[in-house]
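We just call them A, B and C in the order they show up, numbering each chain from 1.
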Amino acid sequence: MNASIDVPQIARFGALYVAAARIRSMAKWKTIIAAVDVGNPLFYLIAVGIGIGVLVESNSGTSGTNGIKYIAFIAPALLANAAITGVMDECVFPVIEGFKWRKLFYAQNATPITGRQIAIGVYLAALSRTIFSVTIYYLFLLAFNVVDFGISVVTIPAAIMAGGSFGAVMMYFAAKIEKEDYFFNVMQRLVIMPMFLFSGTFFPLSSMPIYLQPIGWISPLWHGTELGREAAFDYGISTLMIAVHLVFLLAVAAIGLRLSIRQFERRLAK
Amino acid sequence: MPHPLISVQGLTKKFDDFIAVNGVNFQVGKGESFGLLGPNGAGKSTIMRILAATSTRTAGTVEILDKDPERFGPLVRAHLGVVPQQDNLDGELTVSENLFIYGRYFGLSKRFINNKIEELLVFAQLEEKRNVKVEALSGGMKRRLTIARGLVSEPDILLLDEPTTGLDPQARHILWDRLFRLKEQGVTLVLTTHFMDEAEQLCDRIVVMDKGAIMAEGSPAGLIREYSSKEVLEVRFGSDRNVEVAPVLQKMCERMETLPDRILMYADDGEKLLEQITAQKLHPTTSLVRRSSLEDVFLRLTGRTLIE
Amino acid sequence: MSSAIDIARDQSSSAMYAGRPQVLLERSWLAFRSTTWVPIFTGFMEPVLFLLAFGYGMGSLIGDVSTGTADIDYTMFIAPGLLATSAMNGAIYDSTWNVFWKLNESKLYKTMLSTPLGPMDIALGEIAWALLRGLVYSIGFLTVVSILGLTPSVWAILAIPAASLVAFGFASFGMAITSFFKTYQQMGFINFVMLPMTLFSGSLYPISVYPDWLEKVIMSLPLWHGIELVRAFWFGSINSGVFLHISYFLIMIILGLFVTSRRLRALFLR
């Protein structure tokens, strides 16, 4: 063995090496990533925020949105949704690629790096992409005067927590996939899109029939959005509910990551 | 030759500054099995695409069944069976669906194709696999299916580009057997290859190509007779000593080629030559006497080996 | 030469067209037969989810929408716009990603062009398939909308041929654009254009909320014409503007077919 290989060092920092490798390959796409992560929510903000905002405010003013202008009402939700789609991209494609398409994880695992470190590394890289794009999006919100600078900065971690919690669960499923067939199609249209539409993104969850509201309760997007709204404009959520949102997001993230690590280790050892 | 099916004169193809095919002439007669032999990059595949009426030429004339493929593309293609270098089967379909839909591309009736499929599945030894998606086939099976697919329209000419490249030895032999049957049935075959044994097995007549031009033309046996000796003695002295002994050996035979790993000595009696060498106390680490092959012809013509 | 082969037809046909686009439909059907209904089902669900979310969720915030001539219920207002949008999405999916795959990965078109088929057969056959798929979506959506009681009259059925024309235009144009793309990054560009067009073209709110100049830009985009066309038939309010919308799509269709067949020839028969 080459004497300069420091095994304890790798045991400590292996996950960071994996994350660094992921970030390096992401960096090639940084323009596209920024355009998609920031552009998509901006389009929604301008189109729906202004277009539907006019209809809403001419009909019922701000009474349906706790006194907040419509465009401001949807901004934290779009921020959280951008985080969710961003983290999901980085927790799903690289994982399928790593196990199946290019089998990169097996190559990494042939070095002293463990399955646990690969899982954590991929996850950290995904979160870092989101920090990057969500921050840019937040700056746009400031520039457009949709939110005021101050405590509203907390919308950023709220959004990232929503992304992190959803992404951790998705990473587990991606690591389980043997045949991807319709996975992307079904994910996009039967999970992501309904979550986007029914999580109190464009209207308060409470304005939906009660039998549809559970979609929001289990959706990281709703929890992240509510936290973001509270941070941005004193939305009037009780301390208890803030705690519920926080606990939900952290618990889901922890469970998802735990399952992912176990699945990574199993699949690499198979 | 009676009236040829394919007639190529002065064929030239340039890609920007690169001349892929440079003034090539040849003819192919009915029922003939004709081969283009040469290393990768010799221009064989370019010629095949022009014959297949899917590529234009820069200069020269080409007639296939008396038609210019460039002017009568669809008509010429209706008479051809094409087996490309890379299998391009329809991955979304099963084995028999691949045959069926390909026949439909030719405008054949469903009844005709359905009868034909039975015959082709037997030919390709894929009766058991008829309802299997092509992704699940082995490389050899895929290649046999691609050939069967090319036969669905009962073509006058079957074009095969590198038919056995990438196959394992067993799959190659099965494929050669299938192609040999076609030859016996009188199907006109035009194939490219960089395997000399393949050309010797399958072709009545070959042209040896290098760098876009034809170096020699004839039957495999005729070319060997003309450009090589009856036998070849291959000797190895180890990579360091080859160069050292080469001048001594040179005097002992009519022609010799020094390759990086071995020395080829051309003679009518290889065993006798080997005795002479050992008599001189030059003990090669390995030695082998074999018949001359097209590989030797190519080496003679170009100074290079076919597979580098 | 097989007697079963119809030489006469080939002889009379040009290098561009063998007169057999229907074999492309046969091929698509064979390929489709063995797949599941998952992508069809999810494609059908997308506009339905939008209708439920925006219709029932936003409806309470928005109430009625003024179209200039009449005030209509918001859910009823968005239904035809969503029909046009889903016709577009179905057609675009088939004519861009599927075509990209067959051009660059599976090389299916190259194989087809080594037979007597010509580029025009491929263009027509593939677009016809995209059209059929769009038709299935349209009929499914109209059925749901009728069950929900959101169709103004039985004449709304005329919106189906209108939506098919929209699908035809987008399929033809989408295939033409795709024939120029070589990489997945370039394909990402299509999504990037589609989202803002979808959001801004007035499926969810009247474009009169925008300033004049922006309204003019939107009115030059194909989706706006598609939505207006479908809406006109939906509400039975046929006027001279309908001819403009129809001409717009006829030009898209002809241009798309012309460019696609040219490009196929340039790609595979040179």
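Note that in this section contacts are C-beta pairs under 8 Å (C-beta built on N, C-alpha and C of every residue); 3 or more make two chains touch, one makes a residue touch a chain.
Bear in mind that the values here come from a model prediction, so they are computed numbers and not experimental data.
Quick one: most central chain, C-alpha centroids?
Checking distances from each chain centre to the full centroid gives C.
Please indicate which chain is farthest from subunit C, where distance is taken between mean Cα coordinates of the chains.
The most remote chain is B.
Can you give the whole-Å distance between the Cα centres of subunit A and subunit B?
It comes to 56 Å between the two C-alpha centres.
Suppose each chain is reduced to the average of its Cα coordinates; what separation in Å results between subunit B and subunit C?
Computed from C-alpha means, the inter-chain centre distance equals 47 Å.
Where the CA atoms of subunit A average out and where those of subunit C average out, how many Å apart are those spots?
It comes to 31 Å between the two C-alpha centres.
Considering only the defined contacts, which subunit C positions touch subunit B in the complex?
1-2, 4-7, 9-11, 13, 15, 18, 20, 23, 26-27, 30-31, 34-35, 106-108, 110-118, 268-270
If we count contacts the way the header does, which residues on subunit B are in touch with subunit C in the complex?
Against subunit C, subunit B makes touches at 52, 54-56, 72-75, 77-79, 82, 84, 86, 88, 90-94, 97, 100-102, 104-109, 112, 133, 153-154, 156.
Subunit C touches which residues of subunit A in the complex?
Against subunit C, the touching part of subunit A is residues 29, 32, 35-36, 39-40, 43-44, 47-48, 50-52, 54-56, 59-60, 64-65, 182, 185-186, 188-190, 193-194, 197-198, 202-203, 207-209.
Which stretch or stretches of subunit C touch subunit A in the complex?
It is residues 36, 38-39, 42-43, 45-46, 49-50, 52-54, 56-58, 60-65, 74, 185, 188, 191-192, 195-196, 199-200, 204-205, 207, 209-210 of subunit C that touch subunit A.
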